[in-house]
Amino acid sequence: MRSKLFILLKSPHDFDSLDLMVSIGEGAPTAALLFEDAVLFAANEKKGLELLSVVNQVYMIKDDWEARGLPLVMTSFKMIDYPEAVDLIMEKYEQTITL
Amino acid sequence: MAESVLILVKKPPYGLEDAFSALRAGLAVLVSGRVPVSNVLLIGEGTLNAVASQRPEAIGMPSNMEALHDLMDLEADVYVVREDLQELVGDVQLLEGVKVIDRERARQVIDEHDLVTTF
Amino acid sequence: MNMDTNTAVKLARAALEKGYHVGIFGYGEGVTLIKEGQDPKRFQNVGQEVQDLLEKGLEVVVCETCSQARGLVRGEEIKGTQIGSLTNNLSRFVAKSDRMVTIAR
Amino acid sequence: MRSKLFILLKSPHDFDSLDLMVSIGEGAPTAALLFEDAVLFAANEKKGLELLSVVNQVYMIKDDWEARGLPLVMTSFKMIDYPEAVDLIMEKYEQTITL
Amino acid sequence: MAESVLILVKKPPYGLEDAFSALRAGLAVLVSGRVPVSNVLLIGEGTLNAVASQRPEAIGMPSNMEALHDLMDLEADVYVVREDLQELVGDVQLLEGVKVIDRERARQVIDEHDLVTTF
Amino acid sequence: MNMDTNTAVKLARAALEKGYHVGIFGYGEGVTLIKEGQDPKRFQNVGQEVQDLLEKGLEVVVCETCSQARGLVRGEEIKGTQIGSLTNNLSRFVAKSDRMVTIAR
């Protein structure tokens, strides 16, 4: 199985593909990379843990997170910048799937 | 003929321009002087627009906080639904001047306005 | 592009035909409604619809700030529609209206 | 309480305002008017009944429904055309709220 | 260098142009002759694009059924996830030629393609 | 307008600076990316960003059909960007790419 990086852009409230992520990711190394409104997963324990339970690692874009000014609940999410995001996409994972 | 309009904001700040656009629309209606009452109700993820520590400069976006301040300067009411905010992010500091209300009061607020527009 | 502009225009047509006064304010992506020369091939041509309804009394105004953000400038709009402002135009629509219908997701 | 007509455009899958509809509609005569992807509520019993349980009446635009070619499950939804939609908005209900 | 692309369609037909756009993109890539394999996977509400009795002319929209037929004529595989369709609308007739698969097979289909793009 | 074009352009910049070859294909609403004369006031000017990145080797092509649907025609695009087609341009990007990132909701 190819390793998979899931790209998320929607807020937890609008995100509807958790089931899909589980079934696609089964048996492969997986991570989620959060852009834009998807960083709100890091502010909500319930939603954040849900996400963390279906992928091996969660990354999020620092700028997008900081703009929203919220208390960080999911401290295990890894805060990254755009160059690091490029490394994840180009080097660390074999497939990139937007959900 | 409408005497009052309520701007209902469901969208969170910054990922979409919707919330910012909503607040500018509310402000413009007030500034025009043609409609006596133009208030804002923040519900669901829309409540996050009232968080005090936003830093929109991190992503080069205009500030939704300023937009809310402008509205309140012109005596618009800005309502935030407590339960929604609590469920999303727990306790956070909000902009000074916003009115934190419960869902029951939110229902009345909606009923009090002639027109309602949603963002 | 979602079908919201199509829906808005169909609803406007029905209301005009019943004798109501109807205004459409295009906000955000909705400003594309008035761009002249729309050619959506197999999709419905909303611009064409707008043109027809102008004769029946439809008023169409779009937000200038949103238009500028998308590089749509005065002179590119369908004749009879207007690139206007929230303060002058939206407020006038709001003040005159008995009902306001938001067609957006 | 003013009577309320809720306008829905999103598919049941994307629709996230059922709770909100309940709390806004409490104590008032209410209806939902389905346009575009929202007509999919009529094809799914679970989602359709959910919707019907929070408003007094559900209307949907016939053209939008027919385009999708699905078996009609919610036979109590009232199929209407645009002129009828205008009557609902202008005459039958006092407030129109898009959710 | 990619030898195959999978067009993953989550959006239902007609309310948004996304599903139609997705299918046209898949077709164009095939027609170009530059990429040997361009297949389509319909999941969630995207499965409704394969329903046989669609009547897009009711709202003046181009036909997503035709777009699927064009793809299959060029030997693209069009997969539909059975469980998703079943959950949404129960038993309905689908376009001839589409491959109805389960979620486990959908997972393999995704894994088999070099690139995946989502609509 | 959502912030997807901003995100796409920031990601493209980072990839270019790491020496990757990067192409952006604007599809659907994404075609607004290349409209000349964008003036989004207090929002970030994506058009300006695109212009900078063209010098660093970014290729930007948008779908002609989608552009026509929105009344955006050849000559209105930022110099150095291209109004092209799915068949010629998207397919070339797909064939040449090791990774494809969809930035859309």
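Couple of notes before you dig in:
For reference, chains read A, B, C, D, E and F in written order, and residue numbers begin at 1 within each chain.
Everything below uses one rule, namely that a contact is a pair of C-beta atoms (placed from the backbone, for glycine too) under 8 Å apart; a residue touches a chain by one contact, two chains touch by 3 or more.
Bear in mind the structure is a predicted one, so any value in this text is a computation, not a measurement.
Contacts with chain B and chain E are shared by A, C, D, F. Common neighbours of chain D and chain F under the contact definition above: A, B, C, E.
Averaging C-alpha coordinates per chain and comparing to chain A, the farthest chain turns out to be C. For the pair chain D and chain E, the distance between mean C-alpha positions equals 28 Å.
Inter-chain spacing, taken between the CA centroids of chain B and chain C, is 25 Å. Residues of chain D in contact with at least two other chains: 9-10, 13-14, 16, 36, 96, 98.
Within chain E, contacts with two or more other chains are made by residues 14-17, 44, 59, 61, 115-118. Residue positions of chain F touching 2 or more other chains: 1-3, 28, 41, 43, 65-66, 98-100, 102, 104. Each chain pair that touches appears in this list: A-B, A-D, A-E, A-F, B-C, B-D, B-F, C-D, C-E, C-F, D-E, E-F. Here chain E touches chain F in the complex through residues 1-2, 5, 17-18, 21, 24-25, 27-29, 31-32, 34-35, 115-119, going by the rule given at the top.
Within the complex formed with chain F, the residues of chain B that make contact are 14-17, 59-62. Chain A contributes residues 7, 9-10, 14, 35-36, 81-83, 85-87, 89-90, 96, 98 to its touches with chain F in the complex. Here chain F touches chain B in the complex through residues 1-3, 6, 41-44, going by the rule given at the top. Interface residues of chain A, counted against chain E in their complex, comprise 1-2, 16-17, 20, 23-24, 26-28, 95-99.
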